[in-house]
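Okay, so chain A shows up in both of these, paired with chain B first and chain C after.
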Partner chain A sequence: MEAIAQKIREAAKRLLSEGKVDVVIGYAKGTVPMREYPYFAYTPEEAENLTWSSFCCNNLALYTIRRPGRMAVVAQGCVSRNLVNLINENQFKRDDLYVIGVNSPGMVDRRKVQALFPGKTITEVIEEPEHLLVKGQGFEERLERKKVFRSNCLTCVQRNPVISDEMIGEVGPEGHGGNIDKVAAPWEKLVPAERWTEMQETLKDCIRCYACRDACPLCYCHVCFVDEAQPQWCGKTQDEADVATFHILRAFHCAGRCTDCGACESACPQGIKMRRLTSKIEKDIRALYGYRPGMEIGAQPPMSLFKPNDPQDFIK
Partner chain B sequence: MFARRRFAVLKNLLEYVGIEPGRLHFSWISSAEAEKFQKTVAAVTEDVKALGPAQHMIKDIRKVA
Partner chain C sequence: MSQKILAKNKLDAFLQGLCRDQDLFAPVMKDGKVGWAPVATADQALWDFSNTEMSPKDFFFPQTECMMRFKNVQGDPQGMIMQAEPALNRPRVLLNIRPCDAKAFQVLDLIFVQDEMTNDLYWRDKREKTTLIGLACNDPCPTCFCTTVGSNPHGTTGLDVLLVDLGDKFLAQALTAKGEALVGDLPAAAGGDEAKAAELKKAAEGKISGGVAMDKVNSREVMELYDAPLWDRVMESCLNCGTCTFCCPTCHCFDIQDETQGQDGRRVRNWDYCMSWLFTMHGTGHNPRGTKKDRVRQRFMHKFKYIPVKRGGEIGCVGCGRCVRLCPVNIDVRQVVNDMNA
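== the complex of A and B ==
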């Protein structure tokens, strides 16, 4: 990991000092362990702060939106797919983007790590190729990285960037072995009444902070439907109807665009599993229209396209 | 035609979260098809009546205000 981080820093320094880009968007080490955060390096000196670890959970494609000038983005598979999405949705030009591609090692869910040490404070996490060495006061334990992966990383199908101007490190395998079709849409096997109960159970802790929306690289409307006051599409309370409306509509807005990057779940301060909703749409889009978002520049988004023979058994 | 795709996804999503299938209907009726319109409305009303009052997505303003 550190070797990759060093190469990212070198690439960033080179790009900035040569004046090829105005900013390099990458990750920097958080003030507490396991909290790497998005970092914007404008000068070669600032590029020294860039890092690469198992906790680079934010989707950096988000920060390219409405950003003037040329930018370089450190992109693993999912980030690159979202960059392709944004190019396809005419948010910026391919020429304004320099992709520093990295093979994703699979990111780790800090909550899963913390859950293994209840009541204890983790003060340091040391990266090893297949393990994490977790340290704190009076304990030290070596964890297998794969056991604490974010659930979307386990079922990833695109670890290498789909577009890249420069590849850091080796091109690695594409998946981690998990099968998305086996875990997507977990409520499908339940009867309608149970599904609603399950959704309420999943969303019960939602505080309507909109961190999931803010972390999502698909959400770039000038005014989001939840912030609109006239008309007010969605109530502001924590009533189950309002919370459900928000989550259902947020998921629906991602239809045909969601790359299952997991930024929403990683950003949620309450640990809500909103991928239980989005994975259903992602699965439907694949089943109905055979489309995986962000795989190719120039691909038409399925929701702004139609074919004469699209399924329509539900229309009477 | 675009709507057909969007409705297909929306219908699946709403059923997935537990809205009863009979509550959501789609139909394609031209302004010249009065009889089809009348029949569809009657069928929708009947289906929804059979399901009874909605249980989900109801906000009681007295509770939240």
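== the complex of A and C ==
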């Protein structure tokens, strides 16, 4: 990890000192364990703060939206797919962007790590190639990284960036072996009433902070439908109908666009399993349209396009 | 006020007494998270934990609270007239609340109950009917910084009773008449017990490693801080989500809406947050906090400058560290305040 981090810093320093870009958007080490954060380096000196670790869970494509100037973005597979999405949705031009590509090692779910040490405070996590050394008050334990991966990283199909102007480190394997269809499978076994119960259970802790929406590089509407006041589409209360309206509509807005990057799930302060909402939609888009979002510049998102031979059996 | 001893094998009897005429709540472990829930016995409650993930402010200031109801029929003599909602019908006890969270309620009292005109009956009713039994922190987290914002791991502000875990027993300090009534029958503490509690307090204070310095924030003019260049960097990664404000024990902004469905109508108040552009959007279309920078700055200026200026030096932060732990992009309030103070 540190070797990759060092190469990211070198690339960023070079791009900034040569004046190729105005800013390099990457990750820096957080002030608490297991939480790196999006960092904006404007000078070669600031580029020293860039890092790379198992906890680069924010999707940096978010920060390119409506940002003027020339920017470089550190992009693993999912981030690059969201950059492609944004290019395909005419949010910026490919030429305005410099992609510092990295093969994703798979990011770690800090909640899964914390769950292994209930009630204990983790004070430090040290990266080792395939392991994490977790330290806290009165304990120390070595964990296998893969066992605490974010669930979306386990089922990832695109660890290498789909676009890159410069590749840091080696191009690596594309997946981690998990079967993404299995994520959606539980929904398919349920009848509608059971699905609704499952949905209620999933969302019961939601506090409507909208961190899921705000962390998502798909959500760039000037005014989100939940913030519309005239008319007000969605109530503001914690009543189930209001909470569910937000989540269901948000999930549908992501159809054919969601790259399963997991940023929503990582951002949620309540640990809600956000992918339960998007996994079935992701699978349907793949099954019905043979489409994976963000894989290719110029591809037309199926939900933005009508074709006479589109599947229509679901219209009753 | 008196210093008593609560033996660990007498907890159930103590709790039984507490919930005889009152609803009793305490931190519990549920789905791997520490949160508040009703309890009846000692083993249901947590006695060794850091703090609840979310603040307990919703006991007094629920995220969604119906304030009034009305019959939504124009022209009906009973229509469109607001009817008060019933007040809390049973007193409550919050057991094992942390001193930082109790301090936060005292800060919010200064805001919700200021004078005759600014006197929030929804907040006040629940506050008056709730007893707070605190549990001192012997083991603050690395994200705690209470001692640097006027609170303390063994702080007593806002509490009726403070329990200090002495290992085999609790020292129970009654701090108000309400607290005295709860612990009055317990055996008295010996001098050694109080000395041990004082030692634990000192040790806990020593464990708080990071914090904020406020001297220059206090002496600087509002506009100097407002115009400081630091906000351009603090705001960069901010998502403008509501996480920091919703988990915060002192954030208290709200929005009031009238809702109708058929003949039913209600006036409901919901948490709102300064990070949302909609919060300050005027009917005219003008937004005084129109940019992300304006909104991010507001949160820190409010807590560390505006509240101290308006409320006699009280800080709008108790150092619980929740926002540090939960911010999806790791905006660390300690770093921001220290930058304001640089």
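Please note the rule applied: the second predicted complex is superposed on the first by the 312 of 316 C-alpha atoms of A that agree within 3 Å, B and C clash if a C-alpha of one lies under 4 Å from a C-alpha of the other, contacts with A are read in each partner's own complex, and residues count from 1 in each chain.
Everything that follows uses one rule, which is that contacts are C-beta pairs under 8 Å (C-beta built on N, C-alpha and C of every residue); 3 or more make two chains touch, one makes a residue touch a chain.
Predicted, not measured: the structure shown is a model, and the values here were computed from it.
Engineer: Between chain B (first) and chain C (second), which does A:Lys280 come into contact with in this model arrangement: first, second, both, or neither?
Structural biologist: In the superposed model, A:Lys280 contacts chain B only, not chain C.
Engineer: Would you sort A:Phe40 into first (chain B), second (chain C), both or neither based on which partner it touches?
Structural biologist: second
Engineer: Of the partners chain B and chain C, which touch A:Asp239 in the superposed model: first, second, both, neither?
Structural biologist: After superposing on A, A:Asp239 lies in contact with both chain B and chain C.
Engineer: For A:Phe139, select first, second, both or neither according to whether it touches chain B, chain C, the two together, or no partner.
Structural biologist: neither
Engineer: So in the superposed three-chain picture, is A:Asp214 touching just chain B, just chain C, both, or none of them (first/second/both/neither)?
Structural biologist: Touch partner of A:Asp214: chain C, not chain B.
Engineer: Jot down the residues of chain A that show up as touching in both complexes, chain B in one and chain C in the other.
Structural biologist: In chain A, residues 235, 237-239 are touched by chain B and also by chain C.
Engineer: If you look only at chain B, which of its residues touch chain A in the complex?
Structural biologist: Going by the criterion above, the answer is residues 1-2, 4-21, 25-28, 40, 43, 55-60, 63-64.
Engineer: Over in the complex, which chain C residues touch chain A? Could you list them?
Structural biologist: Residues of chain C touching chain A: 29, 32-34, 48-50, 53-54, 63-64, 139, 141-143, 233, 236-237, 239-243, 245-247, 255, 257, 259, 268, 270, 273, 276-278, 281, 324-326, 328-332, 334-335.
Engineer: Which positions of chain A touch chain B when the two form their complex?
Structural biologist: Going through chain A, the ones touching chain B are 185, 187-188, 192-199, 235, 237-239, 241-242, 244-245, 248, 251-252, 255-256, 277, 280-281, 284-285, 288-289, 302-306, 308, 310-312, 314-316.
Engineer: Spell out the residues on chain A that touch chain C in their complex, using ranges where they run on.
Structural biologist: These residues of chain A touch chain C: 30-32, 35-40, 58, 62-63, 111, 114-115, 118-119, 121, 123, 137, 207-211, 213-215, 227, 229, 235-239, 266-271.
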